[in-house]
Structure formats: C-alpha cells, structure tokens
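Next up, some structures in structure tokens.
The following pair of complexes shares a single chain, chain A, combined with chain B in the former and chain C in the latter.
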Partner chain A sequence: MTVTQTEAPAARRAGAAEGELEKSTGRRNRRTYLALLIPGVLGLVVSFVFPLAYMVRMSFNKGAPDGVIEETFTLDTYIQPLTDPYYWRVTLDTFQMGVTVGLLCVLVSYPVALFLARSTSKYRGLLIAVAIAPLLTSAVVRTYGWMVILGTNGLVNSTLNEMGLIDTPLKLTNNMTGVTIGLVEIFMPYAILAMISGFGRLSPQLEEAAGSLGASKLQVFTRVTLPLSLPGILTAFLLVFVLSISTFITPRLLGGGSVQVLATEIYDQTTGLLNWPFAAALSVILLVLFGLIIAVYQRLTKKIGG
Partner chain B sequence: MRVITKGKIALAAAATAAALVLTGCGGSAGSSTGGDSSATSGELNLIAYSGVWQDQYTAAVIEPFKAKYPNIKINYSSKRSSAEMLSALQGQKNNPATDVAIMDNSVSTTGNTQGLFDKIDAAAVPNLANVPEQFKNKGGFGPVVMLDAVGLLYDTATFPKAPESWDVLWDPAYAGKINVNAPPSLLGLSLTAITSKMEGEDYTQSIDKAVARLKEMAPGVQTFAPNPDEYQNVITGQTVLGLGQNARGQFYSDQSNKKMGVTFPKEGTVYQINTVNIVKDAPNKAAAQTFVDYALSAEAQTAFAKALFYAPSVTNADLPADVKDRVVPTDGSLNIVPLDVEFLSSARDKWTDTWKRQIITK
Partner chain C sequence: MSEARLFKPRFNPAKPAFGILVFLLYLFLLAPLLIVFVVSFASNQYLSFPPEGLTFKWYEMLPEESTFVNGMRVSLIVAVIVTAIVLALGVPVALALDRFEFKAKAAVQSFFLSPLLIPSIVLALGMVLLFGPLNLNNTYTGIIIGHVAITIPFVIRTTLMSLATTDTSCEAAARILGAGSWTVFRRITLPIIQPGVIAGGVIAFIVSFDEAVISLFVAESGLPTLPVQVLRYVENSADAAVAALSVILILISLAVVVVVERVMGLRKALR
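So, the complex of A and B:
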C-alpha cells in the first residue's frame, strides 16, 4: 500500500510531466511547421492573393471607352455580360471547347498512359520522359508548328492534294477545328501524366485474375481496367478542361480572330480596348466557372473513389 | 484516396497557374533612375513599337542619336500596339518611368486628354519650327513625327498589275485568300471608314451600310487576325490580298524580292499618323526634349523614311526620288478618307463590337 501510495503520485507526476513535455514539443513542432509554411504562404499571397483581390476590386470599377478607369463600385461590368446573349454564346463556346478538347485529349492519351503505366520495360522512365518531352517546347512554338501543318498550303492539305483526294484545301485553321487539334496535342502530356499518377489502383494481377476466371479481353477491359482507371481519366479530363478554357495563345493564333472564347475576349478588352474593369469581370466569371467544375469533379470523385 | 489527393494537387496547380495567367495583366515599368538636368547626358526611357519598326528605328535614328549624344543611355521598351503603350503609361501615371512615347495619334490624343503627356516647349525643341501647322498638336502637345497610310497588300504573281479598287476584296475569285485585321486593329477600323465612304454613308452618323457590305466580304476572309502578320501571310502565299500599312508593306516588298506589293486604291485610304510625346513628370525631361528635337530633325526623318518608308512630318527633309515615290504623299495628292481621332476614340469600342457580333463569321 505504502508503495502504491507513494508511487502513484510520483507516477502521476511523471505522467503529467510527460504530457506537458509532449504538449510543449507538440507546440514547438507546430510552431516549426508554421514557420516553415511562412515563405510559401507569403509568396502565394504576394503573387496570387493580392493580384486576385486587385482583379476582383477592378471588376467593380467603371471603364470608359478610352481606357480611363473610374474608381467606383458598380455591378454594370457583371450585368452587361450576363444580360448580353453574345457573352452567353462566348461562354458556351468556351465551355464546349473545354469539353471537346478534354474528351479528345483523354481518348488519345489513354492508350499511351495505359501502356506507360503497365510497362515493365527497363526503358519505362525514358518512355515517360519522351511522352512528356513536348512540354519542353513552349505552347507558342507548337501552335506555330500546327499553323504550318494545317495551313492552306500546309502539310496536310498539300499531301491530300498530291494524293488527289481533295481539289480545294480543307479549312483546318482559323476556326475551331484548328484550335481543337492544336489544343489536344498541346495538352496530351498533361493528360498522360495525370492518368499515370491516377492509375494507382490498377494492378496487372487483377486483370490476370479476371482473365483466368474466363473473362474475354474486352470484358477485362470494360469490367476491370476501365473502372479502375476512371479516377485517372477524370483527373486528366478536368486538368485538360481547365487548361483549355483558360488558354489564350492557341485560340488566338489558330483561331484567326474567328474563334471567340473568354480568354481571347479578356485579352482584347485588356490590351486592345483598355477596358480593364470589364476584362476583370470576365476573368471573375471564368474563375467562377472553374469553381463550379471543380465542385462537380469533387462530387464525382467521391462517388467513384468512395 | 491516394488518387483523389493527387488529382487535387494537380488541380490546385492547374487552377493556380491558370489564375496567375489571368491576373498577370499589369503594365510593365522600366527602371526609373531619377532626372539629370543636363540635356546631353543621363538616361532616356523610350516606349515605342516592336518588331521591324524597332529594328529600323534603332538603326536609323537611335544609333545616330547615341553617336551624337554618347552620354545619353536609351532604354527602349517595345510594345506591339499603341494601346499597349497607353495601358503601360496609365499604369505608371503616379510614378512615371517613361520619358518619351512614339504612338498612334488616335491613342496619343487619349493620352493628352488623360493628362499623361506634357506640352512641348518650343524653345527646348527648336526643330518643332520645321513641323508645319497641320502636323502640330493644337493644344501644344506632341507633334506628328511620321505619317503612313493603310494600303492594300497583294500577291504580285496573282496580280501582275496592282488592283485599283478596294472592290477586289469582294471578288469571289479570291474568296478564302484574303486577310483582314479586324478592329480594334487600326486597319479594320480604317476599312470600316473606307467602306462607309464607298457606300456613300457618313460614318460619324451610321455604319449600317458598311456593315452590310462587310458582311458580304466576311465569308471570303481567311483570317481576321493574321499570323505571324498580315505581310508574311501574303508573302508565303497563305493569302493573295490583305490590309496592311504602306510603310511596312514597302519594306517587306523589298525583303521578299517583290513577291508582295502594296498600293493605295482609288476610293481612298486612311492616314496612320505617329506622334512623339513627352510624358508628364518624365524622370529625364531634358534628355527627352533632346531626343524629341533629334526625332524631328531632317536627318532623323530622312534616315527613317529611307529605312522603313514612313513619310517625314517636317518640311526640310529631303528624300531621294525612289524613296519619295514609295512613302505616303502628304501634299494632298492622295485621296484620303479622314478618320477623326477624337471620334475614333469613342467609336473604337462600338465598331469592334459590331465586327465581333455581326461581321466575323465562324
């Protein structure tokens, strides 16, 4: 008894001291973590939060035709595009372009990504590097490349013409067709990367098991491979969609002024007509569109990933 | 769950990148080093056009200026258009980092009314005396430094003789082989005014008839935003007709061994006029005045006319006959459609909108 009587408080004391020690190291650790976060957060605040706040504030100003910005608080910059059928069409076209490019990009990238994810070759690393190597060249240069390939006298038209398949050149640039082709190729590396990392749960053993249980190759693909790779597909689609609706260079260069999307409209308003408040409002609308899509995506991944 | 996390990271990265692109719209500012009271030394921050204009102006005007004033260092900030220059200057309004701007007069007029520019002190810029009254700014701001006009670019193989009328743009024989820079480009704005005049309309009142006519032309237009530019498109055979500026057109005509020509059709054309302006509260005002004076000298104006075929704005520039024939006439011999700059600064938005909504087809 005496032993326990004397030992208990001592143990309690020791326990309490340990708890406090834990607490204080916990606090210290947390402080260290917070301190480590500061540079990154500061960078983000300066380079992202401030400009974003500035843009949102700008969108409530009033822009005069010749570039004068009147500091005020008006909703006109939002009412104008939201009540104008033209801007609804531009927004819809932007959205459609994002969906089309996203779908096509996933379609052509999927086989490549699947091959790379399952490859056991010793050259796998090299192959992945080759697949994403186009990212080393700027999108502007690649867009110019597509202009050369798709132009009236370009590679595609001259080849088809030489083969006697067409008389008049196909109109492959200066329209949405050209923009779509260009964007799909330009965003393929992103889609491939997103899919490879998204194929985490896809294991060759599962496919082999399905095969040994009598499933045909098609059944293995539709019942095992495809469902398991769905999260990767979804991530890739979303990434390409978001990149497409915010891209400016390719719609501008390959669109030849006939493709009007939110990004080109924002550029025109900013640099051509100097109506910064209106351009800012359009940017905010584009950001809201992003937000909506991301919300839908999260719902979907929750359903699929559980 | 791992999949979702990675997706989220990728997504956050994508969204951040996209938002950064969207928000990166601020004007750039050159370095400001404080003024020097001496006119023959110090620094000078110039804002002007990019590309071939920059190359030729540097060779014909800036290099000789530097040879004459070796102690003045020139920082050239180039912009693709006058509107971009204006937006840069607006961004620096409270803390100017630019001294001199050479830009289109429709845009510099806006700058004048916004208080971005200073009046020119005739005593500090003696060569201003050689600028005729019509090329001086009525309010005493920056004068005209060079003139050009909108021309019709044509492929010389298709047109051994230059087309005489703008009507050729509507000729079905060339449908799909035309490039027209849509507004807000000055070329498209000018074509609107020219078409209005061809249709017997007063564009300050209405452009309805011009719009109806341009709508007929639109399906035959290959591109409304030529790339790399309107000249190369014709030179490389992408198109056979296009809108362009006479000065650059003449320059590229030589460069391409006359594969492309440029002409002024009979119905008239629109002047494209550049002014030289001193920024209000310029950090290096004395150097700015020295530079503007040099830019208005016969020597500089002749050299630039020879280099890029802009017509001089001063009376004492003496051009060789072969250059004189190729710069835009300023003696009243050319049929000019007057495009009032003050009207234009208010119509630019409206006309751009009209083109986007009614003329440009998919």
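So, the complex of A and C:
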C-alpha cells in the first residue's frame, strides 16, 4: 500500500495509462486484504465484542434475586460489592491466592526452566514438550487427579496413614491448601514456557566466565544467573497471577464450595441467585483488576528492560 | 573454555542433586495425569489407596454411561464445527496480516489475540447474558459461537508463524508466470503454511473439546458437553469411572501434542 501510494504520482507523471494500472492494483490489493479480514473480524465481533459489551451494559442494570432484570442506568450493582465487607474479603482472598500461587509456581518452575534452557541433551526437545504438554490436557481432568491425590482417602493420606505418621486424615481438599497445590501444578507449564522465552540473555558462556574469574557457585548464581533470568521470572509470575485470579474450575472442584473467590462468586450469582447485573458488575471489577495488573507489568518490564 | 573444563573436578555433588530436584518437579507436574492412569485400572469400589487389584471394569462401564456418551457426542460435534469455522476465518486473517500492508495492522493483530487475555469466566457470563434474549443458550449454535473467540487466536498465531518463516519469492514467481490469485494460494501458499494450519487446527480442536467454563454457563442444563458432565460427575460421585474417561481424554490430548510437535514444535506453537 505505502509503496503504491508513494509511486503513484511518479507513475501518473510518466503516463496516464500506467498510472491507471498502479491505482487499480492498489485498489485490488485493498479489496483482497479486506476480503480476507472481514469474515474473521465479524466472527470475533459476534463471539467476543458483543458478549463483553452486553455484559458491561448489563452491569448498570438493576437485578432482583428472582432473575428479573430492570433496564435502567445505575451504579447500584457496583455499590454493593464495593461497600459490603464480604466482597472485599472475596476480592482480597482472590488476590492473595493469586500471589501465593504465582510465587510457589515460579519457585517450582524455575529449576525446570533453568534445566531446559541449559540442557544440551539430545532429548531436550522431548523434555520441553513433556513439560508444556499438560497445557493441552483438560483442566477438569487435572483437577480431578489432584482430588484423587489429596482427598480424604487419597494417595497422600493413605500413604501417611499406612506409615503410621497420622491418625486422622489431613485436610487437603475443600480448602485453600488444595486449591493452591492444584493451581501451582496446573500453571507450571505456562510458567516454564514464559521463563524459557524470557531467559534470552542467559548463556552458559557468561556463567563459565564468572566461574573462571574466581566466582563461587553461589556467587555465579546470585550475581549472574538470577539477575539475567529475572525478566523471565517476572513474566512467569504475572502470567500465573493473572491466570489464578480468574480461574474457576479448580477453586470450584478442589475448594468444594468452601473457597470463595471472584470467579466462583460470579458463578454463584448467576446460577444460584440469578442476579445477572450483579454478576456482570463483579466481572467488570475482575476485568479492571486485570487491566491494572497488566499496566503495572508493562511499566515494570520497561524498567527492567531499559 | 574446554581447557578450563579439563581442570575441574570430575564429580560435582551439586549436579546430581539438581538432577534429582528437576526429576521430582517433573513428577509433581505429571502427578495428576499419572495418578488418574493408575486409579482407572484399580478395582477399589471407591477412590482409595493402595489399589487392590487390576480391572478393566471402569473402561467397560463407559459405553453404558449415557451421560458420558451424550457428552462425548456433543463435545465432538462442537469441536469439529468450531475447528472448521476458526480455520476458515483465521487463516485468511493471518494471510492478510502477513502478506499485505495496511494501516492499523498492529491493532488488528492485537484484536485477534486479545480473547486469550480475557478471563474465560467473564467471557462466559457475557455469552450467557447475550444468548438469553436470542434463545441461543443450550443450543449448538450458542456453544460454537462461544468457542470461536477462544480458539481463533491459536489458528492465527500458528499460521502467522509458518508465514513468517518463508519468503514471498515463490508466490511472486508464480504470479509473474501467470498464475491467478487462487492458483497461487492453492499451489504455493497453502503447502507453505500447511504445518501452521494443521497445528492451529488441532490446537483449536482440543481447546474447544476440553473447554468447560463457557460450556458450563451457556449449556449446562440443556446440552452439557463432556467436560461439563465430568465436572458434575466428579462433584457428586466417588467411583473411578471418571478416571477411565479421563485417561481417554488424556490420550486424545496426547495425540494432539504429538501432531503439533511433529508439524511445527509444541513450544513454537504455544508460545
């Protein structure tokens, strides 16, 4: 397009016929890419923009507990979650869960990512694939797996009982402990993927150079490896944080109704209480939280990068 | 560098320790998938440990469990149609983004990748609200529209990846030799982008097939997909039938992983 535009005047000067040709290819070009783009844009507008816009509009309506929606324009639905201490509690719990899961997930993913980034093994590709393959398995299935491991008669409790270490089973499900363990594992592949991509400046040569210049193993790690892998760590943390605060399946199943986070609250408000405008307002609050975090993240990466 | 290595002690105790740590972390990462596998062959009537014996009864139960069979049918129909739609919509978008110059290109690209940034629960609520007055809740149309937004970014990303690694000279040559646009696309461009299209297609398929939140909101009561049925089953019962089903779901995911890894590399496709 730009090329055609800048050349067009010259072509017109050279001869009217040639100029016409230039313009017609430009126009045809434009018609082609619009034809390629428009179906996709329409598809995404219908399945993405409309639902979100409708939800934002809905959050300004008034809802009654029996599912009746009063078409109006009010901030009432926002006043309740912002003034009721219960919703502050839920939002805070959600936030706290995100931070805990993010930190733990980074902690367990870092060694794996470091190993994969450095590995020269011929199985490196396979090992990377194994580490990120769980991304493409169902979250419901993986959460179910954790219910089997952590449940009252689960693997952990049975083993500890068998060994005579405990008399009463540990309470590892239907609470935040179970949800946290499950989420840390479920988001590990995301963290590993983000870290490997973020380790760009890390190289074994630099570490060896530090080592041959007399740095101890610990010094090499704290002065070279860790600082250079910081961008990857930060990206992974924020990604996992953002994913945790909006996740629904795992808090629902491993929380067993006793873990209340924003996502489960949105679901309860819709299916249980049929208070649609209120659920919409909670979703908008979640989105705003999201936007804030992403904005903070972008400023942070700019600081680290520059 | 190699000289320096010669003088280092041969055995470094930190190395095996790190190796063991990485092994244990891999075990943690794969634990829920491995345990589901074990439980699905255990003869214990209710979920407990250790397994008392080997059985295939949970697998034999599956074809008789009508909720699972119906759920599987719904999920397969949805996933196949969603895959066809997002390929038809997404591949042309990727072509436009890579092969043409236009203003607002960056904005268009961000727009198409943005559904991945929005929590699926928020999207799910938007769908159920919008579909209510349109009578689309509990219909195939509703679930399919719901899944298009979350799968199209994968197709566009993998196709762009294939397009980016090739130059346009073959296409230009074909055009100069007189091939029409459609011929150039079918004979030159399509073979070039085939890996990206296949990877995007199978990823879209599995994402739709495994999607639980949007399906739960839009069609829990009338047209539950397989993940929704599994979710309900897990909430209400304690036997291992769902473990057998989970193993089958894991194997389907594994097939997708193998295809994506073969055609373009899992890491590249999911980045």
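FYI, the second predicted complex is superposed on the first by the 262 of 306 C-alpha atoms of A that agree within 3 Å, B and C clash if a C-alpha of one lies under 4 Å from a C-alpha of the other, contacts with A are read in each partner's own complex, and residues count from 1 in each chain.
Just so we're on the same page, contacts are C-beta pairs under 8 Å (C-beta built on N, C-alpha and C of every residue); 3 or more make two chains touch, one makes a residue touch a chain.
What you see is a predicted model, and the numbers here were worked out from it, not measured in a lab.
Superposition of the two structures on chain A leads chain B and chain C into a clash. Legend: residue contacts after superposition of the two complexes on their common chain; A:Gln260 is shown touching chain B, with no touch to chain C. Once the two complexes are overlaid on the shared chain, A:Leu239 sits against chain B while remaining clear of chain C.
In the superposition on chain A, A:Phe48 contacts both chain B and chain C. Contact with neither chain B nor chain C is seen for A:Thr177 once the two complexes are overlaid on the shared chain.
Of the two partner chains, both chain B and chain C are touched by A:Gly151. In the superposition on chain A, contact is made by A:Thr301 with chain B only, not with chain C. Once the two complexes are overlaid on the shared chain, A:Thr270 sits against chain B and chain C alike. Comparing chain B with chain C, more residues of chain A are touched by C.
Using the contact criterion defined above for the overlaid structures, shared-chain residue A:Gln96 touches neither chain B nor chain C, since it reaches no partner.
Once the two complexes are overlaid on the shared chain, A:Ser283 sits against chain B and chain C alike.
With the shared chain A as the reference for superposition, chain C clashes with chain B in the stretch 74-82, and the other listed options (2-10, 38-46 or 74-82) are free of clashes.
Residues 47-48, 51-52, 54-55, 144, 147, 151, 153, 197, 246, 248, 252-253, 266, 270-271, 276, 279, 283, 286-287, 290, 294 of chain A are contacted both by chain B in one complex and by chain C in the other. For chain A in complex with chain B, the residues that touch the partner chain are 47-48, 51-52, 54-55, 65-69, 86, 144, 147, 151-153, 171, 173-176, 190, 194, 197-198, 200-201, 231-232, 234-235, 238-239, 242-243, 246, 248, 252-253, 255-260, 266, 268, 270-276, 279, 283, 286-287, 290, 294, 297, 301-302, 305. Of all residues in chain B, only 1-4, 6-7, 10-11, 14-16, 18-26, 80-81, 83-84, 86-87, 90, 110, 113-114, 176-177, 181-182, 184-185, 222-228, 236-238, 345-346, 348-349, 352, 356-357, 360-362 touch chain A in the complex they form.
Residue ranges on chain A touching chain C, taken from their complex, read 1-3, 29-30, 32-33, 35-37, 39-41, 43-44, 46-48, 50-52, 54-55, 58, 108-109, 111-112, 115, 125, 128-149, 151, 153-155, 158-159, 162, 182, 185, 188-189, 193, 196-197, 205, 208, 212, 217, 245-249, 252-253, 263, 266-267, 270-271, 276, 279-280, 283, 286-287, 290, 294.
Put simply, chain C touches chain A in their complex at residues 1, 4, 14, 18, 21-22, 25-26, 28-36, 39, 46-50, 85-86, 88-90, 92-93, 95-96, 99-103, 108, 111-112, 114-115, 117-123, 125-130, 145-149, 152, 156, 181, 203, 206-207, 210, 212-213, 216-217, 220, 227, 230-231, 234-235, 242-243, 246, 249-250, 253-254, 256-257, 260-261, 265-267, 270-271.
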